[in-house]
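In order of appearance the chains are A, B, C, D, E and F, and numbering begins at 1 in each one.
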Amino acid sequence: MVRLAPPGHGRIEFARTLEVDVGGGEFNVGYACARLGLRAGFISKLPDNPVARIILNHARAVGMDVSHVALEKFDGVGRKGRVGLNFTEVGTGVRASVTMYDRGHSSISQMKPEEMDWNAIFGKEGAAWLHTGGILASLSDNSAAVTKAALQAARAAGTVTSYDLNFRSKLWSSEKAIAVTKEIIPHVQVLIGNEEDFQKVLGFEVEGAKADLRELPVVAYKRMVERVVEAFPHIQAVGTTLREVKSGLVNNWGAILWHDGKFHEARQFPDLEIEDRVGGGDGFSSGIAYGFLKGMKPEDVVNFGAAHGALLQTTRGDTSQVGLEEVMHVMKGGSARIQR
Amino acid sequence: MVRLAPPGHGRIEFARTLEVDVGGGEFNVGYACARLGLRAGFISKLPDNPVARIILNHARAVGMDVSHVALEKFDGVGRKGRVGLNFTEVGTGVRASVTMYDRGHSSISQMKPEEMDWNAIFGKEGAAWLHTGGILASLSDNSAAVTKAALQAARAAGTVTSYDLNFRSKLWSSEKAIAVTKEIIPHVQVLIGNEEDFQKVLGFEVEGAKADLRELPVVAYKRMVERVVEAFPHIQAVGTTLREVKSGLVNNWGAILWHDGKFHEARQFPDLEIEDRVGGGDGFSSGIAYGFLKGMKPEDVVNFGAAHGALLQTTRGDTSQVGLEEVMHVMKGGSARIQR
Amino acid sequence: MVRLAPPGHGRIEFARTLEVDVGGGEFNVGYACARLGLRAGFISKLPDNPVARIILNHARAVGMDVSHVALEKFDGVGRKGRVGLNFTEVGTGVRASVTMYDRGHSSISQMKPEEMDWNAIFGKEGAAWLHTGGILASLSDNSAAVTKAALQAARAAGTVTSYDLNFRSKLWSSEKAIAVTKEIIPHVQVLIGNEEDFQKVLGFEVEGAKADLRELPVVAYKRMVERVVEAFPHIQAVGTTLREVKSGLVNNWGAILWHDGKFHEARQFPDLEIEDRVGGGDGFSSGIAYGFLKGMKPEDVVNFGAAHGALLQTTRGDTSQVGLEEVMHVMKGGSARIQR
Amino acid sequence: MVRLAPPGHGRIEFARTLEVDVGGGEFNVGYACARLGLRAGFISKLPDNPVARIILNHARAVGMDVSHVALEKFDGVGRKGRVGLNFTEVGTGVRASVTMYDRGHSSISQMKPEEMDWNAIFGKEGAAWLHTGGILASLSDNSAAVTKAALQAARAAGTVTSYDLNFRSKLWSSEKAIAVTKEIIPHVQVLIGNEEDFQKVLGFEVEGAKADLRELPVVAYKRMVERVVEAFPHIQAVGTTLREVKSGLVNNWGAILWHDGKFHEARQFPDLEIEDRVGGGDGFSSGIAYGFLKGMKPEDVVNFGAAHGALLQTTRGDTSQVGLEEVMHVMKGGSARIQR
Amino acid sequence: MVRLAPPGHGRIEFARTLEVDVGGGEFNVGYACARLGLRAGFISKLPDNPVARIILNHARAVGMDVSHVALEKFDGVGRKGRVGLNFTEVGTGVRASVTMYDRGHSSISQMKPEEMDWNAIFGKEGAAWLHTGGILASLSDNSAAVTKAALQAARAAGTVTSYDLNFRSKLWSSEKAIAVTKEIIPHVQVLIGNEEDFQKVLGFEVEGAKADLRELPVVAYKRMVERVVEAFPHIQAVGTTLREVKSGLVNNWGAILWHDGKFHEARQFPDLEIEDRVGGGDGFSSGIAYGFLKGMKPEDVVNFGAAHGALLQTTRGDTSQVGLEEVMHVMKGGSARIQR
Amino acid sequence: MVRLAPPGHGRIEFARTLEVDVGGGEFNVGYACARLGLRAGFISKLPDNPVARIILNHARAVGMDVSHVALEKFDGVGRKGRVGLNFTEVGTGVRASVTMYDRGHSSISQMKPEEMDWNAIFGKEGAAWLHTGGILASLSDNSAAVTKAALQAARAAGTVTSYDLNFRSKLWSSEKAIAVTKEIIPHVQVLIGNEEDFQKVLGFEVEGAKADLRELPVVAYKRMVERVVEAFPHIQAVGTTLREVKSGLVNNWGAILWHDGKFHEARQFPDLEIEDRVGGGDGFSSGIAYGFLKGMKPEDVVNFGAAHGALLQTTRGDTSQVGLEEVMHVMKGGSARIQR
């Protein structure tokens, strides 16, 4: 998606200019991996127009492979697919950030599984890791099918698969989510999700999470994860970020990872100063992928993911502007003292 | 529509920020009339979201009546209508300006005639003039029906009707345009269109217009208009602008108006310096409406329309930023000497 | 007034660009009420020039009625009235925000009571609420007379009147303020003011407020209000905001309302993150007006006012960019968790 | 004055930001002389506030002496003087540039002759040249007296005096101008003025200039100058620029200088491309001062002045951003071929 | 190089912000070829710092191969190489554009031939075309050696070589240029250069070119080329652009190409409107490369090159923002009429 | 140096525009003193180009004397000196601010002591205070010699000397620093430095400072200072700021001053909100100079310095935008309550 955001903490309704950025769950994860030094790409379908080229150029600039992005003709009046847009406000104080999707009828939501050459992607010398999630699955029956096909193909080729449950009530009902995800989850190895996700997308019942999600009781979360991995024993890791919203620009931040029967909690980031909180979760997911791919120990993986997510929130836009050295510095508790 | 344009003469593909403006044929005409001092409004349907409120605020700021804009809920994933967008580039030199529509699935394109209370709009103390045109008619069967219903209701109430043929090959084929417009034209009193429009929308054959439209032979145009008004004797006026594109920012500019059996040509604007050419035609149309409503003589009407259109091209954005006094000054041949 | 402010936290002296906004106590209250869905307008006098049109357009954009704004010719060299300006700096850290008025010789300060048709404003189907205050009263003898005439006419027509005492030592002395306000206060039903205001504008003696106003002892304030309503028994409500300045961008925030013999304190907003603190007080006043007009209970009125004031401080500029739903969310203690 | 202008060719009424610049006839001339390498300063009175400091900093940045600028306290409500403002639009196409003064009640317009120590300015090692003009003289009786006092003091000290007649009908009537200027002209040695100025300010009758000033017949101008210098034989030079306005951004440009009984015409700049035409005339005046002070031949003086004025119009803002070498290059007919 | 330019037509000395772009002769040619759809890359050496990453990201965004850019550590105090900078002003009117280099001690100027693996670049499946030129050759003895080594290696591998003579008197003397270029020219097949270049870099004597280069007599140029190809019979094509500078933003534009004994002149672009003239020549060079590589006829090659160069001058920055279709449209004489 | 910084909290690598500011240790101190009302200037050497003029204009704007800045010709390719640049990022959250020098081969680093007329600077009616420091000394052997020569000349003329040790490991090794500084320290009266500086530049051994510098144990610092002044008994004052980095934009801030055998600690600024932390230390140094020059008591000197440093961090850019009154207000514990 192309993200359009008023400068600073401005509101969409009163915007005279909009900053142009690029984002989207899977995209952000691939982009961040490319910046960390991994070979990375993304799979999508876009119309052949300048708005789509914003996305392609943005991806290529950090070295992402765009050869698996299908292009179709664009007509502008709805007979063909369009580029999904995302109007974003960066909130402050008692006013929340807002992401208002205008992603209906996007090319990707209309793509069918058979349009993609899965073998070329995951086959010999293909991708080592596939990350996707519930937002893509929710867009349409086509995209649910694409999600499943991609995960299946990946697993068949021995590619690690991760999946961010990411429930959004605007996109689908819990019933629909559960029905669709049931088909998908068998192909997922690394699961990203919070308690609400487990409830709404996987059908587990929550215990003890406050309705407004200000505080996530870690204990309850752990109990839930244990039930999840019991139900889906093929899952190898489950992670989530822990965010307490103190204000638009100050959150408490942390993360937790279950792996091989044990929980690993990242060091806390109390009163984390935020520039733009969008992309924090994807920062965690890409950090997890990086950590596992590099063979880090699970306690390092979760710390790497949390530090990466914290750093992702120090810049405007969904996608990473940080580098490996910086993540390492923050992961080890390094301060924000000026570098010169 | 909300218009998104890179600053200056930038390109969409390389834009880091987009300027937010509002535009659309009928909207621009109503907006300009409000600035000239007329009571004006617009009829439309919009989703209830902040992007739509950009349009509503923009309209109200100059005193437009927005009470005939229907609102519907917005969902962002395509199950409901959206706000049409328009990505615009202001070209320069040998590079043309571009308007790239992303208007598929807009709320207005899905509106049905019965959703609007035509009587409230045109009835007692209702609107004196209705302006619409071929772009609206082309969007969908619904919008063709709305176009026709509006014109019918207007005529039934004694409201003057004007219609800008505005053929766009991207929106529909000539065949479709001719079929739809045949139903519409009987309700139109003032027709705006160039030779290509007469051919593609009304089915008349052109003689002598150069393919690339750089030069419009006025003589051929007149001959064509005569055939049009012979075919549709209920039409009371036919007008068009005359634009020769010398470069992105320098055009020759003029206008011609047929009224009551006679042609009236506006004074020429050779080497017209242009800031943003979009909205020039709507400036002509609104000038024509203003002139006739104020009872100007036809030779003044066409000059007022051309001067208004010339001034509209001195500001960025589709909508008018000029005032009545300025139009009068330019219409009378006043220079651009500094005012202090 | 037109407000001119350097971007970000820049200083006037070093500004290369100034952001253009619109503000002023009464204006802000009317503007916010229009956004909350009430019919609202403002009474003023302005020169007929483009700077004044910035104000008119700004007001109309949210649906405000500007038909009671008188216009006069403008000459630019001081023989006629001008638009008041307000150079504003948004401070940060240990540096305070600054509003530097350049409002001498404004048209409104020269307007006389007889220039306005009070009956048209407050008469049949006229305004339900009039808000004004001490800044207008201080500008000149003319504006003091206008303030009084407006309040008198409003009360005569049964319109509710509210008045923000708003003492500014730069504008007048305490002696002058007391003398002028004595004539005004009998026509006021809802009084907005802090302890300093009661002392400097009404002549009451303060007890226990710290000189630098960092902390307002609520107990002392209550005692003071009791003396005020004893002295002016026609007053139906007295309210004020409670602000402790921790830094330029972090304040403690709250509000208190006396109504019908009882005090109602709003929930606290400790460490309120601020984008621009100007307009917070007017947010409280407009919230109070909205609450009473909608028949809320007094404890809800004060919470609505405080939440509205808190939200008003999350955007740049004096005027509201928030909506009713958001106020309700914050009023009920809703968090700033991202909305998507 | 501080100049506030919308970016690009934007309009004041629709401006969301204003660019901050500094300008004013005498100021511009002094500023340009400082950039050309002369010792220069300006005489004025300003309030002690950050808006005034914008002017002082701007002047000092190029080395201007500000020690003869008196400062007074500022109150913001009109009991003390303010900084004159100038809202400027840079026009384009058929739309003229606009300078809308908001300079009423400025400190300088209220200054009296005795507030300035003229001896310190023009006495031993004092200024070699004094430039002033009709705008200052028109502001008030005080400023007329200041203008005269300055010229008298300058002449008494042997300082060369130049005066730009600069008639502005908004500022005073022709009658008033003639009455005031009669007292001033005996102290002027170098006169800058066009035919309209001679008529409106000095009372001479024009022959043959077109009302809209698009074309200045040079022959008639020369005849007029001859009558002027016959009437005021103490005048040593008379100059004016010749500007034909083809569009907002394209003018024909030239200049003419009478000196010692002979006319010298600068080389023509046909189709001069303009970035911002404000300051062009002051560029000519400062070029004339520089040329004479450096002992150039009159034919070089007028060419230097015209080239300097042409270059001044290649940058936004009233004040010079060019250097001596560039003036020399253009004066000699050098092209705009890229320098690298 | 990273290019830093004041917005609009601003001056470096008065800039408060600088736009960041990327440019440099060889880089621009490779970049444009990538946009036209060719496989392209560039060879360079850069320090490992964020300023260098601006260049790398810019290149990759359009798909350029950066694998032949060597990286070295950066220290910031001159003990290691730096990124060359280029401060650019876009002139207007009588004021020229300026490119002020700050490229001393750049990493590339310190690179030695043996640091690059020429075989990997030009060997099997290697580059089909190498473009370089006199600016690189002039920077240092190292870079002259690199230039020669690259051309030699290219020719040895059968790669086509083109060379832009590009004499810059600030970089080296004519004597030095002639001495160095003598070693280089035997390895060049396609020569880009104007008359001055032939004189200053190759040592030929010019006849009839005006000193200020406003008009290039085509006849003299042709005579010169004939002497050049007689002297260097291995050269297969010689081309140059023809630019007459009418003003900063209006130039006459054309191009001429000698190939296989015949001259081919591109169609004229009289009064070409320019946004930013930098990169026009590189646009011609890359067009020539593209044309020859695609097997166009020489008369098409020169027209493609001239059209491409004209389009390159319609955007800010040195590098191409245009696409193949647009070049084809302009090459065929297509107008700048709006596209929608 | 000219400082180039992405807007807001943007990163250099992704910057599309850079804000232009001016900074450098000694420069900042002189600049701030000029703003506080002292006569101030700076000594340097610059190339004669527009980038250098940015520095000169910036200095002169606040009244700094630039007559002791030597100018040399500029060539852009490294045969002559250049202007040092400083790419700066303002960090936030867990991401640190960055200043990346590109100052190699600057004119000042190549200046020799004999190029400056020290007698003109410090002689009769010369400077009362000289501030310099370890960064200048580190640049080259030339600049070390210049540093020493300046201090010597100053002391010889009775000028007070202050020196900021400012160790930067990127600029030189501790060994080199100790060797060079040994020659310099005898001429220094007021020493600015933290524990690390004493260790790395003066060769003292640290006790108890944490490696990452988050917390400076004041007790250990005092012990160290006592050893320093014992070793260099000619030193009259030693000061440092105390900064604990809580996040990019929130630091604890304070300062400590040894004078005449006693320590004076400034009041604490806990949770100091920061706009841009660069220049804070120079704000302290200039405050110290101002305080001593004005004869303040040492306990006031340190509080003035700390308050000045705190205010310096409320604006973007290295140089002061604050005034004397504001420092006094903050020094006395005044709040950030809005000023109007």
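The rule is short, and it goes like this: a contact is a pair of C-beta atoms (placed from the backbone, for glycine too) under 8 Å apart; a residue touches a chain by one contact, two chains touch by 3 or more.
Remember, predicted model here, so these are calculated numbers, not experimental data.
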item	value
Chain D and chain A - chains in contact with each	B, C, E, F
Inter-centroid spacing, chain E versus chain D (mean Cα positions, whole Å)	44
Two or more partner chains touched - positions in chain D	8, 11, 13-14, 16, 57, 100-101, 170
Touch-based graph of the chains, sorted into line, ring, star, complete or other	other
Which chain pairs touch, all of them	A-B, A-C, A-E, A-F, B-C, B-D, B-E, C-D, C-F, D-E, D-F, E-F
For the chain E and chain A complex, residues of the former touching the latter	57-58, 60-63
Touch list for chain D against partner chain B, complex	8-11, 13-14, 91-101, 168, 170, 212-214, 245-250, 277-278
Chain B to chain A touching residues, read off their complex	4, 7, 11-20, 49-51, 53-54, 57, 75-79, 82-83, 85, 87, 100-105, 109, 139, 170-171
Footprint of chain A on chain C - complex, ascending	8, 269, 271-275, 307, 310-311, 313-316, 321-322, 326, 330, 334-340
